[in-house]
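Before anything else, here is the set of structures, which you'll find just below.
Same chain, two partners: subunit A is paired with subunit B first, then with subunit C.
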Partner chain A sequence: MDLFNDFGIFFSTLFSLMSSPSNILLLFGCSFLGIIFGALPGLTATLGVALLTTLTYGMGVNTALIALLGMYVGAIYGGSYPAILINIPGTAAAAATAMDGYPLALKGEGGRALGLTTTASFIGTVIGMIALVMAAPLITGIALQFTSYEFFLLAIFGIVISGTLTSKDLVYKGWIAGLLGLLLACIGRDRLQFFPRFTFDMPELDGGIEVVPVLIGAFGIPQIIKVLRDRIKLSQPKDFGRILPEFSTVLHNMKHIFRSAMIGIGIGTVPGVGEDIAGWVSYGTAKNTSKNPENFGKGEPAGIVSSETANNACIGGALIPLLTLGIPGSPPAAMLLGALMLHGVTPGPMIGLENPSFFIEICAILLLASLAMWINGIFLARQVVKLLQIPTAVFLPIVGVLCVIGSYALGLNIFNLYLMVPIGIVAYFLTEMKYPIAPLVIGVILGPMADENLRRALMVSDGSFMPFFERPVAILLILVIVLTVLTRLPIYQRLKSSIWTRISSKQGQQSEK
Partner chain B sequence: MKKVFTALSALLIASTTAFAGSFPERDITNVVVWSAGGGTDVSNRVVSAELAKALGVNVNVINKPGGVAGSIGMSHVAQKPADGYTIVGLSESCVTAGVQGGWDKKMDIWYPFIIGGSPDLISVSANSPYNTLTELVEAAKKNPRAIKASAGGAGSIHHLNLLAVMKGTGAEFNFIPYAGSAPAQTAAMTGEVTVVVTSLAEQQQLLKGGKLRALATLTNSGQNLEGVGDIPSAFSAYSSLSEHLPISQAIGMAVRNDAPDAVKEKLSMAFKTALDSAAVKEWAAKNYYVLSGKTGAEARKEFANLESLFGWTLHDLGAAKISPEKLAIAKP
Partner chain C sequence: MENDKGKLRRDDFKTGILLILLSLGVLWEASTYPMTDSYGGVQNVWYVSPALFPLIIGLLLFILALVLVGNALVFHGWSAVWRDKNVIQTRQGRGDLRFIGVVVFFSAFVYAYIPNVDFFIASVLFLFTFISGYYLERKDVLIINIIFYTLIAGALLLITKITGEPTNHWLTDGLTTFGLFSLFLISQNARNEDETYVKKLRVALLVSILVPAILCPIFKFGLLVPLPSEGIYIELMEQIKYLFRTHS
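Showing the complex of A and B:
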């Protein structure tokens, strides 16, 4: 009966919102804007939602949410465009998408990759929405399982897994890049006791290293230099006709999509951890469970589908603790919290009593946002791919300028440029030495979380490491981290193959008998 | 020729007065020094939106948290031109930035507009055994530093309230710093800490939802919260607290004090209009805020008082890195 009632509210919200042409215009406009925000390096989902928030003040709550969720969903999806086409992820969330998207684009299948991303993002958002409406009370519990111990381990896991996955050479190189990122994250005043570390008395370094200039510098500059140096042709013009979603490929990857959506929702639920980790973890799981993991990194459709489904499913997940506890599940969701409070809605345990239909209304709006993203995406992707027809010598310098503007746009801070350029040059030499860049960026993003939570955990436990081994979620995370590291070590590989040969030789002997 | 000159100079004068009078000509950025969704952030967003209506331009709210007591956001705005196009969204906690080594300036570089604040509460995790403040204090006295408490970051007003509670009651808690009120409250919900001191506005949803249990208000008067009942004043159980409390919030925004008078005047007028708006009043009542509306000399005085109170309290507690004397902060 209750469910029936909920469905009624769901559809009546959908229809009442869609009966107003201005709402439709707003929905598609903000979704489009979101995609552009996501696609331009430096402009992120968080910034987009933040900038839009005050503009929505004059609107009703539902109309404002159409704009904000349209922006949020669009921006998370839009980051995949530059990731696939030029190997520079527009947002950190799309970094895992570049792993297989760019090789596909180099093969001339950029259009296909974009089509897959669009549909995967759509399905991911919808599954996230379903989780939000069906399982919110159940999932809320997960958010409260995470204390400082778990946050530290989760941050380490994010860095380890991105290091493991991105190394084309030795796996150590991925981890080293991750540690370099952690080191960069240590710069600035520590967030618990305010002690300045590696700041060299420069006030600009007090707040630490900003993520966006690192993201742009580390991904953008090496890529621009490489493409111009090697005269890589970014596209074969004959080959980008197929953009429409290939339902057969999508159906073929259904198990990846479903699993990735679950991962995305789960990670979204964890407070403060967002789309970027979701993409990596899901990509890693897809690779590890795939029958042919060697195809990953060379243009495997399952890879893009996994990371894009997960980062969009994360949105629904991030909304769960936001609405049920008032704890934002991801950085853009933190901006949404501000927007909701601006409209007089205080999310928290009482929202179901104070505003019973609100939950369902948000779900309806999220569905609209994902639909708008899908339709916009299908139309845009066709046009975006054509950008690659622009001669590389003209196109890449434009990308370079956009990188500079993107870094500067963040707080209009010139210091970010002084940061971006050297990091880009160092990153270029690192990529030349076959060090992957993604773990470095993930290290910078997750470093403060790892650092702050480890030290706080030790404060809480009076310096004892024991609680790490006494809490169920912490033990689980430690096991996963240890396994991830161990299975990559050469000694493990050798052990595994020797055990295999022994077993098979025994079996051979037995069958001889 | 003379005529042309007079006409030209008249034009020039007209244009310059028009220039001063036409503030604002473009969008204003409000840099909030605390993270999104917190009390300072939301108040600034609500008031900024009304301020935008009064001024006729957008007031974009961004967050620049971090540093010591909001020093990064404040330094950022202090480095911008004093033209009123960049304002800072701050709170009383920012007055400790100087003595805690965040920056080398005093609050007198600001021309503040005070929105108001919400009273602080001391609460515990819902599954903790303590039902009254006395029970909690007795338990803490038996086992000093065994009970963990959160209250936002070190040097925040909630931290000072917690320190004052410790001083006034003789209880000793193990203070665990968090990046802000929201994560501090989450820590009390997950059981990582037992005690949390934040404001009523920040806690009310969690109290009503039974996720936290309120023990006492840290002001002279108790508070009735629908669905929860009467929350007594901590002063009734421990009268010695009145020597150290209340330390009230002063959330607001500020422009550089060396901005042109016309700009300060215009912002003050718009600020008063904004605070008088139905939207802000309704929001304040609904969220348990007490509006202040102080601007100009009055607001500067309040911040100077807070600065001296916070600075010297921290100094006395041994928590100040730089002596308030060195910064020429008067004793309270």
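Showing the complex of A and C:
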């Protein structure tokens, strides 16, 4: 009966949203805008969602979510345009798409490649949506049993895992970025005793640092500096023919699509690890399991389908921890968390109790967003490609003004801008030195949760750490955190290799005997 | 690849030292917070203290920074790290002026223009300086723009310091408008009979005026967001809006 009831809510939400022409216009407009944000190198899905959040300020929650999810889905898909047509991925998520998309465009089949990415992205988003609706109630059910012990460990787990997986150089650079985020989160009056920490007698810092200016500064300004400093120029897009949905090729690659969607959802649920990693892992898996791996990199449709399905399925995956635990699964999801809180919705285990139909409403909006993306992709691709010809030196300063007004408008506070600029410059240097930015942002978001719950937990146990080792979920989280850290330490690597050498030498001796 | 790694490890050494200093600062500052004494009438215990979390972060940051420095020293060797000029001289060379340009434009816009100048004209000048500085692809133009933009920012800060609160918008907006015209004329004089240059300059000016002319009304009248600083131009927009309303 519950299932029928859920279906009823799903379709009624779908029809009520579609019955309003303004909602449809907003959906298609934001989806198109998202594709543009994804397509223009230098702009990202995170920045698009961040800037759009400002404009949704006066809207209702559902209307705002239509705009934001439309932008999010569109931007992740839009990155594939320049990846296919000029071999420069518009977003990091589409980097793997360029591997086979561009060779296909060189063969004069750019339209076919775009058709494949459009349909694969649509299917990926829909499978991600199904995963969200199935997993979210289960996870919230479990999360309702969580106490301060689990929430503290969950926050630490989010930062550790995100730092570990997003670091491109030394693993502890990711952890340092996470700690810097936690440090930023400490600024302001603490929530238990209202004691001012790191405020240096500045009343503007009493309320703490707002997440949105940090996000805009950390993701927007480094991108502007990098593109203008390195003189990144776009070449002329390759000519492409008609864009068709390519259903037959998609059906032929159904095996890759399902596997990639599962990879995308799985990676999406890991805090802070986003669509870019999903795309690469899925591409690599498709290549390793293919009967003709030598075709990859030469315009293999399975390569395009794998990376695009995974990066869009990642959206649904990233929304699972965001909505059920309040932990964003990817950087754009982190921005979405800020936007939800701005609209008075606090994601977490209680959301299912406070608003039982919330997950289903989100799924309906996600389905509409993917549909709008597909229609925009099939019919308006040529218009988007024209925008690729705008010089970066012209549109990036405009993005700069949007960053400034976006950071200001959310709190109507000039002090947010004073913070945004130094955070942006520091984030640029950190990026240049291969520190990942996602753990820093996750740290800023999860800092208050970690701080508050650690102290509450110790308050309950009168300062004893023993309850952390008496609760099954807490033990599991401790084990995962400890193992994640230990397995990355050089001592562990050396120990592992010496054990392997001993085992193999013993086996060698035995075989000689 | 090896060079990249070598450079990264040198950078790690520098950031490691900075992070050690930062973590020591955090530990020192956190140690001044109430641990077991009373604050606001509440007797503290160590595990509820506001110092607990910053102390943990400071300690972890200190350890990781030490590992970072240690790793850099293992890679290059203690004497090599100190001997190498690159340890002290940071990323010099290609693209530095372009980097400085972006930082100067953003910093001056946020710290000097936005609080003191009408948002519309402040954005127009920011966009024109920024776009023409990079789009025209002339080093001399970028240098002139950086100097010019900084000089006006300095003059604005001086004016607001002398006149005090509230900001005299006739003075600050007037100076910014004068700056925009002067910079346009200077940029036009540097054209050297180059047709592409003139075309690009026109595009820069057009985009610089159009974007704020669209953005300001959207935020001010559409989203009802008051702009950071509203002077003579926003006032003019309001007059135009009322004029339209009266006629309709």
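Please note the rule applied: the second predicted complex is superposed on the first by the 275 of 513 C-alpha atoms of A that agree within 3 Å, B and C clash if a C-alpha of one lies under 4 Å from a C-alpha of the other, contacts with A are read in each partner's own complex, and residues count from 1 in each chain.
Following the convention adopted for this analysis, a residue touches a chain if its C-beta (ideal position, glycine included) is under 8 Å from a C-beta of that chain, and two chains touch if they have at least 3 such contacts.
All figures in this text were calculated on a predicted structure; none of them were measured in a lab.
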First, second, both or neither for A:I225, with subunit B first and subunit C second: second
Of subunit C and subunit B, partner touching more subunit A residues: C
Contacts of A:L183 with subunit B and subunit C, given as first, second, both or neither: second
Partner chain(s) touched by A:L192 [first = subunit B, second = subunit C, both, neither]: both
Touched partner set for A:I425, first subunit B, second subunit C, both or neither: second
Partner chain in contact with A:L55 - subunit B first, subunit C second, else both or neither: both
Touching partner for A:M459 - first (subunit B), second (subunit C), both, neither: both
Partner chain(s) touched by A:F146 [first = subunit B, second = subunit C, both, neither]: first
Residues of subunit A contacting subunit B in one complex and subunit C in the other: 54-55, 57-58, 192-194, 459
Partner subunit C, residues of subunit A touching it in the complex: 54-55, 57-58, 169-170, 172-173, 175-176, 179-180, 182-183, 186, 190, 192-195, 197-198, 221, 224-225, 228-231, 391, 393-394, 396-398, 400-402, 404-405, 408-409, 412, 414, 417-418, 420-421, 424-425, 432-434, 450-451, 454-455, 458-459, 462-463
Residue ranges of subunit A in contact with subunit B within the complex: 50-51, 53-55, 57-58, 144-148, 188-189, 191-194, 203, 206-208, 271-272, 325-328, 334-335, 337-338, 341-342, 344, 346-351, 411, 452, 456, 459-460
In the complex, subunit C residues that touch subunit A: 8, 11-12, 15, 19, 26, 29-30, 33-34, 39-40, 42, 44-48, 50, 52-54, 57, 60-61, 64-65, 67-68, 71, 91, 95, 98-99, 101-103, 105-107, 109-111, 114-115, 119, 123, 126-127, 130-131, 134-135, 137, 203-204, 207, 211-212, 215, 219, 223-228
Subunit A partner contacts - residues on subunit B that touch it in the complex: 35-37, 41-42, 45-46, 48-49, 52, 58-64, 66-68, 71-72, 75-76, 100-103, 148, 153-154, 174, 176-179, 182-183, 186-187, 189-193, 204-206, 208-211, 227, 282-283, 286-287
